[in-house]
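There are two complexes below, and they share chain A, which is joined by chain B in the first and by chain C in the second.
Let's look at the complex of A and B:
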């Protein structure tokens, strides 16, 4: 008897006892579904929690301030920076050369006057804070400029729309404080998308009746973000900030007018370490180079310990469910062996060998395992999708970014189906061996 | 038959669950980015002038930044990729602007410029011929051999301005300064006409574009809604009216190539 014959025989047995088969398959489906759902949710939760600590960027990101380190607080996650210190290209090169540094992204900032919005791009729902004109008043703000092609390495979370194109001089993203300033509902950030904002960069003149002149540009708001890159209402390309900065540097220091010239080339850096284990070493190296750093390394270590406990608990629940499913398979096959003693006896009487009977029962178990695994995995992933939708709705209502469930996790699905099949074979091993070793005479005689 | 249907139902349910999993929501999909139009040609615009161009007369500095006519012109006439510099200085004459505003303007290599000087030259008694020569120097330099579009505004009759009328009626209550004696309306209007004639000649000679504020000036200088509380400068509505004139002239010139 070949494996094919074994499968055909198993299929006939399955069809002959649909209720028992359905219950066995259901038990396997419940077990595998629960395990897949718990594994996927635990994985997403772990990633989400760690990424939350990274504020949208990698958890291995370290913020470097344009300030000297405070030796007394070097090991703190958020030490108070020391005196201001120029963070320039030479420092950037030194930090990039340091061991375990994956990347170092410079951050620039520029003070501007913002006029939201110019005529022709009215914001839906804005009541206006200027009783004369029904338009928002100009305000002082800062633009944070970064290389937007490396935004995945920065603590930036997109809440609505999209990020400005890398290198764009006419696109900009705003933070939630922009919505607050315009007294808009943060739960509906989409109302500011595609509206324009005017940005004026002041230049202080050496003398004259007019001390300050502004360079004005306009930018369209492409997205709303939550960002921890630097202090500023706007996030833009480094080219946009560089053009504004060049205009301000063409003037003189205006500290007396509240418009001082920038004291540092870069307002800060975001340095990404090779791994979480390297964060401490990289921070120590940057401290040695003379700059203050901050990173949630101790917080992450603490949270990871708690997450590990949660993973163990969730995994245990799933394993218990699978064990129950395995016992169900074993029980069903043991009952089948008892019921089919005559068939086993007849098969052996006409020449079937022990391994042929073994194949028959293993094939039947494999059918239950694979079918239950497919159904359970699909149900588990469906449950994850529904949970994700509910959670996303809640997060968006709270003005937070949604959870990326990443579509169908193929590895998890494969493990769900394959694991169920393997478990079914293991659970069936003893009943199948018992059936295979049943002497033909005894089997027939039992009748 | 029943078994076949059962198997089909099972397969359909499995497919539906897999599709549901595929449709899991991803971040950023809740509020997708709306389409953003082209940023357009990157013009560099400079505004040269005196207090009217700064926005004096608007309630506070913040509103000057939003409602002054060059700001409105920048927003309404030019593309999003454009850059704008307001180099105007209150109280400045054309001769002074030649020394202070023009070099800064040329430093940013403008492709569009607006020039609007008259009242301060008038108040300081600058002769029309001198005014014309200085204005011509400014416009010629800004034109850069035809590379930049230069819009020059002429002056409306200012004898109907509330401030002028107040000075005319009671010199001691003149908002332009106590005991300022203003010339009679006919003389002021004649001076304005002489300036406007000079402006027309400069515009024609240098290939600039005339913004005929004088032709629409009656409302801007006499309508209480268009004049600021100081009785002299344009209000927010007056700035909007001025901007509309400059925008209209710019668009007509752009269409003409």
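Let's look at the complex of A and C:
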């Protein structure tokens, strides 16, 4: 008897006891569904927690400061930087060439004077904070400039709206401190979207009556972000910051006025290691090159250990469910063997080998395993989607970035189905062997 | 029979003695010498056959009779290769059945023997045609050939119009005819029938008996029927009475 014939016979056999078959399939579906759901949720939760530790960027991101390392604190996650040091293109190239470095993204900053609406445009709920003129007060701030096409590698979490277009000179994103400064509710960051803010870059003149001139840029706020790229209220494209910086460098040093010229080409770098395991090596290499680094390396390692424990607990719960399902399959097959002793005997009497009977029962178990696995995996992924939506809503309500549930890997689904099928075969092994080894005469009964 | 011979020959490659199938394309002769069999071991041993001697010519129609416990079913089980004798010789078509075991014994059942049971032994979730095809699926017949041959044998037993029905939709007589069709599908050379009319009414009994007679004549196989029914036994060319594990002629 071929496997094909075995499957056809098994398919006919399972309909003989539809209620038993349905319950067995349901048990497998529950087991695999639970395992898939727990695995997927654990995976998303892990990603979320690690991502949170990376403040929205990859957990493998390392921040490099424009400062020499402090040898006494080189191994800590957040060492105190040593003396300032120019971080220039040469240093950037050296770091990019270092082993295990996936990417290195320069960060620039520029001091500006920011003038929020209504001078730019009106914000709902904001009446201005200048008691004399009913206008908002200008304030000193910094713009952080990065290559926005690489924002996925940066510790930036979008809370509302969208990021400025890469290379844009007129779009900008603001941090939550901008909302605080305007005394707006941080739970409703959307109110500042599409409003304008004016940004003035100072240029200190070498002489004359007017000591400081400003270059004004009017930018539209496209999004609200939480970012750990650099110290600054605004996040903009590298080009916008470069233009402002060029203007300031056109003047002279104004340290006496509190407007010094920038002492470093880049305010910092965000270096992404190939993997979490490589973070320490990359940090050590950058330290050797003479720059201070920080990364939540040890924190992530500790959290990963805890998450691993959570994974084990969740996995165990799923495995217990699958084991119960496996026992269900074994029990159902044992009952089937008992019921079909005569049928097995007849099959052997007409020439079936042990392996033919084995195939028949294994195929029957495989049917339950695969059907239950497919149903369970689908239900499990459905449960993940529902849970994710609920969690997403909660996170957004709390002013946090939502979780991406589109990334439940196909391999999880494949393991759900394949694992159920394998488990069914394992569970069926003993009953099927028992059926296969039934002596023909005993199985036929009294001749 | 070519395929079956190849299979028999392959049996010898696995260490067990090679088995040459009966040469003739007709019924098989049966000889037993000192055939003994029983159940249980030691103090609990229950002897059933006690050194039975038997000679049945190829193509014979034999009725096995005797009281319950005489050993009829046990002899049928030994002839059908469902069990191996504990002692003595049992030769079917020139082959010593005591030398066969495992897959070679299964091959013997598949290629040489056809069984007809009192309880019909049909798989209730399969149609009549599928029940017949099931037997052929064990011998490696292609699905297309299976269907064609199943329809042929069902037509031969007068059930072409019931090929798509399941056993539950057939009468007892029809089920037994399906069982005979299944037994004939692999062209057996030894047909063993255990009380084939035990569950049938008179009309069905006559029809099944006529069919079995036809099998002997047309297929030329040896037919051994266990029966308590005198009418059934009277149809046989040779009647063997078993009592206390021995043949009493």
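Miscellaneous remarks
Here, the second predicted complex is superposed on the first by the 412 of 447 C-alpha atoms of A that agree within 3 Å, B and C clash if a C-alpha of one lies under 4 Å from a C-alpha of the other, contacts with A are read in each partner's own complex, and residues count from 1 in each chain.
To be clear about the criterion, a contact is a pair of C-beta atoms (placed from the backbone, for glycine too) under 8 Å apart; a residue touches a chain by one contact, two chains touch by 3 or more.
Computed from a predicted model, the values in this text were never measured in an experiment.
In the superposition on chain A, A:350 contacts chain C only, with no contact to chain B. By the touch criterion defined above, A:214 reaches chain B but does not reach chain C.
After overlaying the two complexes on the shared chain, residue contacts for A:256 are found with neither chain B nor chain C. By the touch criterion defined above, A:441 lies against chain C but remains apart from chain B after alignment on the C-alpha atoms of chain A.
In the superposition on chain A, contact of A:9 is made with chain C only, not with chain B.
Contact comparison for chain A: of chain B and chain C, B touches the greater number of residues. In the superposed model, A:138 lies in contact with chain B only, and not with chain C. In the overlay built on the shared chain, the residue A:374 is in contact with chain B alone; chain C does not reach it. Legend: residue contacts after superposition of the two complexes on their common chain; A:342 is shown touching chain C, with no touch to chain B.
In the superposition on chain A, the residues of chain A contacting both chain B and chain C are 15. On the chain B side of its complex with chain A, the touching residues are 3, 10, 13-14, 16-18, 20-36, 39, 42, 54, 59, 62-63, 65-67, 71-72, 74-76, 80-92, 100, 104, 236.
Note for the complex: chain A touches chain C at residues 1-2, 5, 9, 12-13, 15-16, 342-343, 346-354, 356, 439-441, 444, 446-447. By the touch criterion given at the top, residues 73-74, 76-77, 80-83, 102-103, 106-107, 109-111, 113-115, 117, 119, 121, 123-126, 130, 134-135, 137-139, 182-183, 186, 194, 226 of chain C touch chain A in their complex. Those residues of chain A that touch chain B in the shared complex are 15, 18, 113, 115, 118-120, 130, 132-133, 135, 137-138, 158-162, 169-171, 189-190, 193-194, 196, 198, 200, 208-210, 213-220, 222-224, 374-375, 378-379, 381-382, 384-386, 388-389, 392, 396, 401-408.
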